[in-house]
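The chains carry the letters A, B, C and D, assigned in the order they are written, with residues numbered from 1 in each.
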């Protein structure tokens, strides 16, 4: 197992286990890009978060509960985290998988996992949005239509 | 026509005409990303070039004539250009189309056009690679296997 | 000279000459970033345009003639181009130099050159903004305060 | 306090306190870029990690213990995390501050904080490198010259 994961998978005995794709209710294929790759020949660690960002916002826009230019209530990112087990490479696409780990009154915590040709996550992490009034930037309750589409993604971590 | 193109299409009487998708022998769908979008709500002008870069290198890697980490002869970019007719938006994908406009002894000039839900290009431009020895960075003839896959993309501009 | 420029400088006898820093009325140091570098160990060609974009908009914002979130009239990019003579590397900063090559009624064409530790440009190109009404996206005359700060950058190419 | 921090600072009673600049032994000013800004008018959450990446690698390269193209032992990123208190804006630069929170036999955990015109962090997080043999990608002890420059950054969190 450690062997299969390469160095990134062997750093610590107590390290978290990779998520598996079937435990996620939603996923989105995302193209990798030449410019994603760094001098070591792998997708740069920063870019993983652009996949996180994309799977979350695509879900909200596609379901009609977010218009980035006009919505009066929007989600601001307050925390993100990623654990890297293996490397992603170009040009194969990445599958970004999404579920809601915790749905609060004004915030939502997503679990996100990235896959590339395997059922075990290459990397995984979380992403927390706090909903705010766009003008005042003050926290507000998650609007009902947003809550409904988030509710559909709620999974209790195994 | 100008109306259809919005402001970016009306800047000059003598402006070049948009390319059409059917005139390209190769194309690749590329996901847009949330972070591609700038404060004006459209994909930032810089990002168009990441699509250019991606369609070129994906073509070469997929056909087995480029291994970015080991190929002893590689293409260096010496010139790029893009004309923007309209805006690209997230989250719809972009279709990046590729052809070879000029195939020289050590350089290749690609035409690239970007489409998003229409047969007329949203933006288009060119991208010139000069082949060099990886170690010395000096120009060398395009290797035969590379030349063969480039030859397949040669189209004479209409 | 060709030697000094490496492969990117030797691609064609008729290639344009590098600009020199002293011919530019404005310049801005810009940090390079680890993620700018691609698998070949140099700043990726796409990233050069993020330096272009930055030197233009920083100039306009710093002089008080652009507020990206509220200005009712904004510049849309309709054309960009870059010629690459040599490679940029991380972590040294880039000096981005700016002048106005052509100031029209509703559009402005900037010349931009990038330097890294030398008086001769590593790369150079142009960047064309068309001014539009933000709501309608239709071309409008460049507002007088913008025109005044652009006028200060006008240089006739040597 | 909440007022000073805006919405991102008020999400939870138990939220961690912002770091202060004087508690960091090393810092690096990094330019913001136009393309860093997203549709909400602030630096996109992904980009914060490109500042993290940059302050770490610049430190190692500037001290002569990393050559990204040739070093036989390199650091691979296995975990990153960021907490966002407030928003960063363009065009002011960011000050990225660095210290070592934990120095293990083959891994190092950095604390990183980002500042923009204030002594309190706008955002902060951590970044973990595992040192590996570049060819085999297997973990190895941190080389002595690297360890020496890391030791100089060790601070016990207050």
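Here is the rule we use: a residue touches a chain if its C-beta (ideal position, glycine included) is under 8 Å from a C-beta of that chain, and two chains touch if they have at least 3 such contacts.
Being a predicted model, the structure only gives us computed values, none of them experimental.
Ranking every chain by how far its Cα centroid lies from the centroid of subunit B, the top place goes to D. In terms of their C-alpha centroids, the spacing between subunit A and subunit B amounts to 29 Å. Subunit A and subunit C, compared by their mean Cα positions, are separated by 34 Å. Residues of subunit C in contact with at least two other chains: 34-35, 37, 39, 41, 44, 46-47, 50, 53, 68-69. Taken pairwise by the contact criterion, the protein chains are fully connected, each one touching every other.
Looking at the complex, you find that subunit B touches subunit C at residues 6-8, 10-12, 39-40, 44-47, 49-50, 52-53, 68-69, 74, 76-84, 87, 106-107, 128, 130, 132, 134, 137-139.
For subunit D in complex with subunit C, the residues that touch the partner chain are 29-31, 33-35, 37, 41, 50-51, 53-54, 56-58, 61-62, 68-69, 90-91, 93.
Residues of subunit C touching subunit A in their complex: 34-35, 37-39, 41, 44, 46-47.
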